[in-house]
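The following pair of complexes shares a single chain, subunit A, combined with subunit B in the former and subunit C in the latter.
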Partner chain A sequence: MAGYLIRRLTTAILVVFGIILVTFLMLHIIAPSPAITVLGPKAQPAAIKAWNHANGFDKPWWDQFATYLGHLFQGNLGYSYHLNQSVSALLTEKAPLSGLLTIASLVLSILVALPLGIYQGVKRNSFGDITATSLAMIFYSMPTFLVALVLVQVFALSLKWVNPNVPQDQTLSGALAGWPDLIMPIVALTLTAVASYSRYQRSAALDVLAQDYIKVARAKGLSERLVYSRHLVRNASLPMITLIGLSLPLLIAGNLLVEYTFNINGLGLLFVNSLQGYDYNVLMAYTLITAVLTVVGNLIADICLTLSDPRIKLV
Partner chain B sequence: MSETNTPAVSTETETETARGVEDVSVTIESPAGPEPAVPAVSDAGELQSTTSAWKLTLREFLKNKMAVAGVAILVFFVLFCWLGPVFYHSNQNTTDLLNTDGAPGAGHPLGTDSNGFDIIGRIMIGGQTSLWIGFAAAVIATVIGTLWGAVAGLLGGLIDATLMRIVDILLSLPFLLVVLIISQRYGANTWGLIIILGVFSWLVPARLIRGEVLSLKVRDFVSAARVMGGTNTRLIFRHLIPNAMGTVIVNITFQIADAILALAALGYLNFGVRYPNTDWGSQLGDAQSNLSNGYWWEVFPVGVSLVLVVMAFNFIGDGLRDAVDVRLRKR
Partner chain C sequence: MALLEVNNLSTHIAISSGSVQAVDGVSFHLEAGETLGLVGESGCGKSMTGLSLMRLLPPGGQLVGGSSVKLSGRELVDLPESEMRKIRGNEIAMVFQDPMSSLDPTKTIGYQVSEPVMLHRGASKAEALDRAAEVLGLVGLPKPKERLGDYPHQLSGGLRQRVMIAMALACEPKVLIADEPTTALDVTIQAQILTLLNDLKDRLGMAMILVTHDMGVVAGHADRINVMYAGRIVESTKTDELFSDMRHPYTQGLLASIPRLAQDNTQKLFTVPGLPPDLSNPPTGCRFAARCSYAQDDCRTEDPGLKGPKEHTFACFHPVDGPLDLTSSTTVADRSAPAAKEKRPLLEVTDLVKEFPVGGNLFGRNKAVVHAVSGVSLSLGYGETFGLVGESGCGKTTLGRMIVGLEKPNAGQVTLDGAQVGSLRGKALRRHRRDLQMMFQDPHASLDPRMRVGSILREPLQIQGIGTAQEQLSLVTDLLGEVGLPKSALERFPHEFSGGQRQRIGLARALTLHPKVIVADEPVSALDVSIRAQVLNLMKRLQASHDLSYVVISHDLAVVKYLADRIGVMYLGKMVEVGSGEDIYQRAAHPYTAGLLEAIPVPEPELEREKRGGGIKGELPSPVAPPSGCRFRTRCPLAQERCAEEEPAMRLFGDGHVAACHFPLQTPVSDTPVTVATPAGEAV
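And then the complex of A and B:
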């Protein structure tokens, strides 16, 4: 176990370093210098050159990368020339709202998808299973933003149950004060996630139901309820751990689309707005944080899986 | 009948399934490739004709109602988008500023958009772009992924480790964010978008094909080819890839669905093809702010088309996967 952990951590660190390098190179090629943003679109070439020289943007890329890496280790994510703010300040300002959306929809979708998938597996080909499978297929084939638009049309414009506009307050407490308006964004994210999780959970449940130990449990006279609660649920929910660890990039993408649709002042909208101005450091920081969270998420998922399933031996 | 020459062993264990990747174990005998199709010899020693693996797969596929429905939907949309404009004439070249945001009615069965373009005609030309980009990007992704995976799987060792670590790194990068960053600079045209989407989505096929090749390369016919002096290139192109073709084709189908969805997201965020060209995502992006004005016809017809096409590809993919998986086949 310890040996595995050390090897796994080393790989994770290597991968994180690779991620930083790839992201840096990609942005470096696309937006070599923020000089235009700082000096304005009509800046003289000489002025741009002078600014680049003063701020080290004329050095070779590995030199700039070393500087960036050095700053990164000190927790300095750089400065947004577009918004005249440090990136760390921007991120801490906007992260709580995005975090709330992502975590709320993740928790909700697990709470829905886990029992739903197990139910579908147990009652295979029943009316309920077929309905759920068809609905999952529709939402699975639907981009998150379209789900959001359908929700807006049905619940805000036609039925008028909720307000089509979400609170523009970017603080967590301000947004929570108008919590009914957050229902639609969270439901949109949840529906998309449930669609893919429940499909997966259903096939996991079917796999487990075909195992010999389920037959044994039934043969020794356990009631169906006990078979399901003791043997099926535990074993069938194990693969979900890995799936959740892997689905982080998708959650972030959904979050971005939903924030754009509802004009929620979170990290996703910040990213989209930063694209217009090639706001180098913001783009870099958000991509990097998402990627690192993905690596960490997979690592945690693997460790959780080992801890919860004694059959998996890691050497 | 066909069992006589079918060593239908399921070779690959389901390790990748836990990683959220649909692992497809395919054991197809005598595919179109030059792997010599040994005529089945019955116990009596006389030659018998066997049904080819592809025919069996097709038969299995046609039994799946959802998959057939998927094919029907897809054929409908391909005809609708490419042949539709021949029969349904609408002005898609000049804006009609006196008829913007027109409700469905005479002359415009589904209304007009904010530039006065007829919605049905708009969906047709947008569909051409979306379907073409989705298809081409998926093909590029699958070609890169197949070669990458085959090389890694066949050579093994340090090369395999290096190649797969690169896949790990790229797989950890958030796809949508990276694609957005690159299309901001290079994504204004169709080929730019095809290349961007293709170049960033070959990672899953690479993993799948590597798994497939790992199980194929220990089989006897590969050893035989090697003993006869087959080079690695020959092994990859003449033996490994043709035998992994089932996985490759199933993968392309899902890849197209994903690429169409990714393109829709790009278009929605205004990073799709530029005006006057249009795709379904861009149409949704232009229309979304008009939803609160009550112009539902600008959003939902194109939205339904998008969902139907993606769903069709997913159905076809599911059907193909079940059809090529011999273990699921009832004989």
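And then the complex of A and C:
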């Protein structure tokens, strides 16, 4: 196990390094220097040159990359020229709220999707299954922001159950104090995730139900309820572990749209804004977070799978 | 009163296009302590009958009104589900076919075996586990107490099937339904499991319904047999009487079309023409009428019904009297004896080795290799057939794939017509590939489902750039005719054909390039007995008309013996014996060959009953770390110290008969080691 973890972490670091390198290169091709952002569109070429020299932007890219990596190792993510703030400070400010949204919707969607998918598999082609399938299809094919807009229209504007505006106090404690306002963004994220998880869970349940050991369990005299709880649920959930692990970064991407729609001042919004302004230390940081999440999600999924599936050994 | 009394049992399954009459008016009885065989071809309703007794029907399945199943006089058909659950696994238990998928992969075997004990006996967990260890010991799992915590994937197929049986027996049921309990296992393991089931049945005093398609299996293990055809029982009587004095034409045809080990292989096999009827729209009258050579007008209008004295019932208006007289009714195959061939071998395989790496990781550590084929040689003459037999995992298929070039050997040579295939490149290689074709086990998986049969057959011609489209078409049409399919088949897709027809297409495809050698990997294993005989006859006929040589790979010795002039027996990547059919069958020199012959169930009740308990013990060792010296020594009854130290060399036992054993069952002609047995017989 220890050997496995060491190998996995080594690979993970290599992967993350690769991603940083590629992103760094691409950003450099698109926008070689943030000078314009800092000095304004009317800056003189001489001034730009001087600024570039002063801040190291006239060095070859590998030099710049080395500097970036050096800073990264010290935990320094650079400076946002656009927002005049260090990236670390920006992240500390915005990450908690985004993290809350992601984790809350992840937990909720697992709690809903797994039982729902199993129910659909067991009651295949029943009214409930067909309804759930149709709804899932709708939410799956709808972009998250559209889901969000529909939610706002129905629950906030028409029914007036919740406030259409998200709390303006966007620190974590402030947002928690006004938690009812977070319901809609979380529900929007959850709906999309449930739509895809429940589809997979349903087909995983159908696969397991077709296995001989289910027939064997019935032949032992177990009631349907016991057949499902003892022999179906665990086996049918195994494929979900990997899927959920892999979809962690996707949830972050989903955040982006929802934050944009609800005007939540989180990581997603930060990313959208920095994209528009070629704010590249922020972009780098965002890519880094996604890359790390991908790798970590994968690793956690593998470990969970090993713990729950006796056939898999980490060697 | 019989223990189990089944009357007029009918099961219909609703499907989108109507209803399948899977079981139709089945009646039989089962006495305590008795084994009843339920035999018939695929889809005849054997499994569905077993499942209906337990009321475990698939979605859409329903027992039709009037059905009755009485267990010790108690009607089961109208019991509430909660009462029925107390019967399942407790009074009637079932063992299923596939031990690989019948156990829950995430639960320990201890848990799975103790589950019914807790359920039906109200035992505590600890008591149930004790009971589980006890039954696991009963079914021959070594050190059962220590293995309660094992997971199914840690056990071999044979051991898993033992666990399945333990699970079924945990509550000492009165009736055990064993649905093809050994079909997924190798013959040597099959013999062990059948003997086990038989012993346990006697010791626990239960009754058993043995469901199988294999007449050999019921011959040795059933007291009485029900023959099923198209959802109905067509004949029912004592085992000996069924084999010697059958009355139903279907039983007669079924038994006549099985190739026997003692078969004269210059004779055509008897065949039952056609296919079983579609059960969603069965014909009126006798369901066998369309394939029956005794059928008359009344057969097609009236249902004959199961009649006759209680100890021998049959459903036929014009019954037969005993088995077909095969000596007069079969015609000699129009195939010249392989003696007229050239002296020079057509195909020579020398010391082929194939190892597959397994395990290992990113950094290349912990690498192990599977020794799939470890230095095998054989030679094949013009127009000759070489048969390869052995248990699963012995390397037969890998050897076949290396011969046709689908797999690259790690060492060794394949020589075709004097040219080393391995050293050819480009055009010459392509030209050579044409001469070596392969025919696969599962015609369903090897034919592209999205291509029409016409395109499938023309594809090899197109790749090789042979002929115009018109010529290709006419060639392909001729071939279809030769394998007995209508021209209309060209426009159809593979899934629109039956298994036997697909295997004919596979054969036609192998023939399109006029190859010299066809390697046929389990060509008939997926087929039912009556269809199998049709395909075997076809293969023989085409061999004569196309001047073909075959390498036939099969685990079924009778099939190989029927097709082959010479037979090679493989064990764990090594060839252990090569000889003519008679050498292998009557004068086996290697203990493994003898054990294999012993283990193969033959459709002859007396022979089979004598064999009980014999056969090879233990299981196939891992090919990752094969035993030192003779690889068979871990299971060999004759093994001595020398067998572990020294690998036995091939020695000559007669004309073309070689075997590798230190202490053979026959006396070798000479003690000098030989390498390859040539088709003409003398050693090189």
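By our rule, the second predicted complex is superposed on the first by the 305 of 315 C-alpha atoms of A that agree within 3 Å, B and C clash if a C-alpha of one lies under 4 Å from a C-alpha of the other, contacts with A are read in each partner's own complex, and residues count from 1 in each chain.
In this text, contacts are C-beta pairs under 8 Å (C-beta built on N, C-alpha and C of every residue); 3 or more make two chains touch, one makes a residue touch a chain.
A quick note: this is a predicted structure, and the numbers were derived from the prediction, not measured.
Colleague: Is A:Asp309 touching the first partner subunit B, the second partner subunit C, both, or neither of them?
Modeller: second
Colleague: Taking the superposition on A as described, I'd like to know which of subunit B and subunit C A:Thr11 touches: first, second, both or neither.
Modeller: Both partners, subunit B and subunit C.
Colleague: Between subunit B (first) and subunit C (second), which does A:Val216 come into contact with in this model arrangement: first, second, both, or neither?
Modeller: second
Colleague: Considering only touches as defined above, state whether A:Ile30 meets subunit B (first), subunit C (second), both or neither.
Modeller: First partner only.
Colleague: Which partner does A:Pro143 contact after superposing on A: first (subunit B), second (subunit C), both, neither?
Modeller: The first partner, subunit B, only.
Colleague: Between subunit B and subunit C, pick out the one touching the greater number of residues of subunit A.
Modeller: Between subunit B and subunit C, the winner on subunit A residue contacts is B.
Colleague: Touching A:Asn265, do we find subunit B (first), subunit C (second), both, or neither?
Modeller: Neither partner.
Colleague: I'd like to know which partner A:Ser80 touches here: subunit B for first, subunit C for second, both or neither.
Modeller: Neither partner.
Colleague: Could you tell me if A:Gln153 is touching subunit B, subunit C, both of them or neither one (first, second, both, neither)?
Modeller: Only subunit B; A:Gln153 stays clear of subunit C.
Colleague: Share the list of subunit A residues that count as touching for subunit B in one structure and for subunit C in the other.
Modeller: Common interface on subunit A, subunit B vs subunit C: 11.
Colleague: Considering only the defined contacts, which subunit A positions touch subunit B in the complex?
Modeller: Those in contact with subunit B are residues 11, 14-15, 18-19, 22-23, 26-27, 30-31, 137-138, 140-143, 145-146, 149-150, 152-153, 157, 164, 200, 239, 242-243, 246-247, 249, 252-253, 256-257, 260-261, 271-272, 275-276, 278, 283, 286-287, 290-291, 294-295, 298.
Colleague: Mind pulling up the subunit C residues that touch subunit A in the complex?
Modeller: Residues of subunit C touching subunit A: 54, 56, 82, 85-90, 93-94, 96-98, 101-107, 115-116, 119-120, 151, 153, 164, 167-168, 359, 361-363, 366.
Colleague: Where on subunit B does subunit A make contact in their complex?
Modeller: 17-20, 165-166, 168-170, 172-178, 180-182, 184-185, 257, 261, 264-265, 268-269, 271, 281, 284, 288, 291-292, 294, 296, 299-300, 303, 306-307, 310-311, 314-315
Colleague: Which residues of subunit A touch subunit C in the complex?
Modeller: Interface residues on subunit A, with respect to subunit C: 7, 11, 211-213, 215-223, 230-231, 234-235, 238, 308-311, 315.
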